[in-house]
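Once you scroll down, you'll see the structures, which are given as structure tokens.
Both of the next two complexes hold chain A, though its partner changes from chain B to chain C.
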Partner chain A sequence: MGFGIFIVITALLPFVIGQYYLYVVTQVMIYAIATLGLDVLYGRTGQLSLAHASFFGIGAYVAALSNTFGVPVVLQPVLVLGLAVIVGALVAIPTLRLSGLRLALVTLLFGELFVWLIDHASNLTGGSQGMTVQPLTLGPFDSSEPLDGYALAAIASLLATVMCVQLGKTQYGRRMLAVRDSELASASVGIPIVRTKIAAFILSAILAGAAGWIYAYVVGFVSPTTFDLFGSVNFLVAVILGGSGRVLGAWCGALYIVLVPEVFSSIGYPNLFPIVGGAVMIVVAMTIPRGLVGSLEKLGETLWAVRGRRGRAGG
Partner chain B sequence: MPEVEPLSSMGGEGRLELRQIGVSFGGVAAVRDVSLVFRPHVITGLVGPNGAGKTTLLNAISGFASVERGTIELDRSELTKLPAAQRAHYGVVRGFQTVRLLEGETAFDNILVGCERASQPNIFAQLFNLPAQRRSWRRDRGAAAEIAERLGISSVAHRPVAELPFATRRLVELARILVVRPKVLLLDEPAAGLNAHGRRQLTETLQAYHAVSPFTMIVIEHDVDLVRRMCSECVALAQGSVIATGDPGHVLDDPEVRRAYFGDQVHHA
Partner chain C sequence: MFSSANAIQVTLGGLATGSLYAVILFGIILVFQVSRSINFAYGPTGMLGTFASYALYSEFGLPVWFAVLIGIGVTVLIAALTDLLIIRRLPPQQGFDVVVTLGELLFLTALAQLVFGASAQSYLKLLTDVPVLSRNIFVNGNDVLAVVLGVAVAIGGYFVLNSTSLGVSLRAAAADPSVAQSVGINVRGLRTAAWAVSGVFVAVGAMMFAARLSVNAFYMTPIVINVFIAGMIGGLDRYWPPMLSAFGIALYQSWAMYLFGEAGGVPALFILVIVILAAVPKRLLDERHEARA
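Showing the complex of A and B:
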């Protein structure tokens, strides 16, 4: 039913809101896909990654460079998928025996390497200046048209959401939660910990890569600053703020990391976002560790329990 | 990487044989030269004073401690070198001395985590909810519900485990390892931290379950009465070595066991 509501709202939105807001919603959808990816890795599997924006970047630069190399449209998603699987696995392997801060540091190293590569391949990528991305056209579809970009992001974000909801009902989904909460308990029932972590890395890389690919076509411009450490931290903020391990939480997080900078820009203080964002993050981490959606769920449960107790009054 | 095949079909009843097992930590022997045969479907109590090496022996059997010497054999398969997760696929499953649960999840989801020995479709079938996935999802939920029912925790199955009382949390953990369908179940002081009522409830539940779906079981327990009630065999360890085996009444009354057991420890049965 939730998906039905999503589809109806998505279909009606272009008739209700103007082009600028449609563009903002498109961004939210794109960021939601990537945030869902980090939620698989960090929220569900408990693997802290500071390289998520790099995977987003891999997808984006596939789009940006495809024109240069003449990669046909239909091959590009395959390329994004292949790169995400390979690079995801490559980043996963050195981190298998690490956790927490050490794990974060190794992923950070990879993130820095990615930005360094983009900067140093400046004849191809435009380096830190960035590069424009030729629109994606296929028949009547043109990604530079706001409505077309919106449709692409909507369909992709719906697919990603369906997949993540489904993941929660699978053995792999259960394995991820088990690995996050207790590797000992996981091993005791026969869960292959290494394979579970690699699968989480790859799945999160695929979602980030797909989001980045759409991002580049919709925005029409890429530069390494979008894919640096700050970008990765932003995704983490989205996951933690929205509520780890929750599909709806990833959407709330994406809404936050897209809308709030937008608000600061519109009032003329774009530089305030990192500061205010950091403060918000600290407050959230300290006061509601379950994140927004988790806390609302908890509130709902409590109200439900109170009602139940009233209903059974006298006992 | 190939999927680990569930080996329940490989036959065998759950006969566990240890031959001259030795485990040591930094040169200090915790288990020395232990040779034991655990017969299929029999519940064996493992007793001995603190530091006798009981937990270490269970760790060696389940793959959480590597053995220095000796072999571990289940039916006709050698497990000695296998990692813990693979031993679970052979049916050797353990519980922990401290309850380890997925705190953010419901009791039911905690139980589902144990559905690992049943064969599962590949990750694509899982993610795209193909028919094979729908079948295994139904089967796993059925298995978890059945175990919850048999352990008497169905009514709290939908509740987050963090909210449940300790005795119930123990049962949730037990359900999670029973849903694996163990051939050999290893329990480390399952009744620790429970009051008299909780202990009785746990033993009765476990015995009732075992009577219907038998498996080989080794239970570490300090509660002598519990061992007498629940176990039909008993092994006493002291300083890493076996000092007596046989009928629980016989072993627990053995003078050497009494000296090792109660000589340096307050009788708290």
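Showing the complex of A and C:
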């Protein structure tokens, strides 16, 4: 039923809102795909990654450089997928023995290396100045048209959402949760920890890479500042605010990291967003560690239990 | 061109940088050993104190020494408040200290950018304009001060942590807070004090680095990443291995940048970390002592 509502709303929105807001919703959908990726890794598997914006950046620069090298459109998703699998595994393998600070640091170092590569390959990437991305065109489709970009992001975000919901129902999804809760207990019941963690990293990189690829074509510009440490922290804010381990939470988080900067820009204070973002991360972690969705679920369960007790007492 | 004078210059530069890394790292070790927590906002905390001291000197005309002291005070206050208002109120979930201090990192960096602007600025000289050696090898007063501070903090810190009653109390509070509390140690107060004192070390390190670089709101981020990596390699629950790693990483990066150019620092560090992760036995990477992180 949830997906039905999603499809109906998605189909109706272009008739209800203007082109600018359609562009904003498109960005929410793109960020939701990437946030779902980090949720798989951090929310479900417990692996804190500060390289997520780099995975997002890999997809974006595949789109940007495909223009330069004339890579056919149909090959580009395959390229993004292949690169995401390789890079996801490359980040995962050295970090398998790590957790906590060490995991965060090594993934951060991967992120730093990515930004360094972009900065130092300036003849290809435009360096710190960034580069423009020509629109994706395929027959009548043109990603620079708000409706076309929206349709592309809507289909991709729907697929990503379905995949993440289904993942929770599979054995792999349950293994991820077990690894997050206790590696020792998971190993004792025969869960392959290494394979589960690598799969989580790869899936996370694929979702972020796909989101980055669409982002580059919709926005039409890429620069390394979008994909640095602070970009990764913003994805983490999205996961924690929405509620880690929850698909709806990732969507709420994406809404936050796209809409709140829009609000600050509209009132003339665009620089306030990172300050608020940092404060939100602290306050949410301290007061509602389950995130918005998790806390609402808990509230709903409590109210349901109270209602049940009253019903039994009355009957 | 390679020459013995260049080699000495590179080594002395690495030694001075490593000394400042050691000063900053001591604060991280102190906090970790007493509260088992990691402060990702450690760098911006020092950066804000540095910017505050510069603003007091340049905007309000305060004497350098007084502006520096107030800057250190600002950093100490932020570090203490991080423990008082955030860390001690966290729910007991793994990794939340990393998450909230990442939030604080974002908050403090953006705040500094808003207040002090985004462009790079030059800071107080702090002896960088006082030549000590200036013929074939260039050494300035800031380098000498950095080495003196680094060696003093490394040796003095070891003495305090291992040979004083304060050090014993700190280790007792870290090992078993409830037992330490029951024998009269004010564990919470001790933790907050450790966080506050760590502010002194990051402020001093941040100011010394600021005198050598042009600074903006982000200048402490790569420095603290290097310091954290030294801590990761050596292990924050030990003392000499991370301290020596701080010197080692700085020397290694100095040589990498000398041999491969300024841009060689980041990939060289990356390669070092990957080699160490591949080579170090698993038991040395065991994080059983890292309760929260």
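Structural remarks
The working rule: the second predicted complex is superposed on the first by the 313 of 315 C-alpha atoms of A that agree within 3 Å, B and C clash if a C-alpha of one lies under 4 Å from a C-alpha of the other, contacts with A are read in each partner's own complex, and residues count from 1 in each chain.
We adopt the following convention: contacts are C-beta pairs under 8 Å (C-beta built on N, C-alpha and C of every residue); 3 or more make two chains touch, one makes a residue touch a chain.
Everything numeric here is computed off the predicted structure, so don't read it as measured data.
Chain A has more of its residues touched by C than by the other of chain B and chain C.
In the superposition on chain A, contact is made by A:R195 with chain B only, not with chain C. In the overlay built on the shared chain, the residue A:G149 is in contact with neither chain B nor chain C. Contacts of A:Q171 after superposition: chain B is touched, whereas chain C is not reached. Contact with chain B, but none with chain C, is seen for A:A187 once the two complexes are overlaid on the shared chain. Legend: residue contacts after superposition of the two complexes on their common chain; A:M163 is shown touching chain B, with no touch to chain C. In the superposed model, A:G100 makes contact with chain C only, not with chain B. Of the two partner chains placed by superposition, A:G212 touches none, neither chain B nor chain C.
When the two complexes are overlaid on their common chain A, residue A:G277 makes contact with chain C while staying clear of chain B.
Comparing the two interfaces of chain A, the one with chain B and the one with chain C have no residue in common. Every residue of chain A that touches chain B in the complex is listed here, in rising order: 163, 166-167, 169-175, 177-178, 180-182, 184-193, 195, 199, 245, 301. Within the complex, the chain B residues that touch chain A are 1, 4, 62-64, 83-89, 93-96, 100-105, 109, 112-117, 120, 123, 126-129, 133, 136-137, 140, 160, 176-177, 180. Against chain A, the residues of chain C that register as touching in their complex are 38, 40, 86, 89-91, 93-96, 98-100, 102-111, 113-114, 221-222, 225, 228-229, 232, 236, 263, 266-267, 269-270, 273-274, 277-278, 282, 285, 287, 290, 292-293. Those residues of chain A that touch chain C in the shared complex are 46, 48, 50, 94-95, 97-102, 104-106, 108-110, 112-113, 116, 120, 229-230, 233-234, 236-237, 240, 271-275, 277-282, 285-286, 289.
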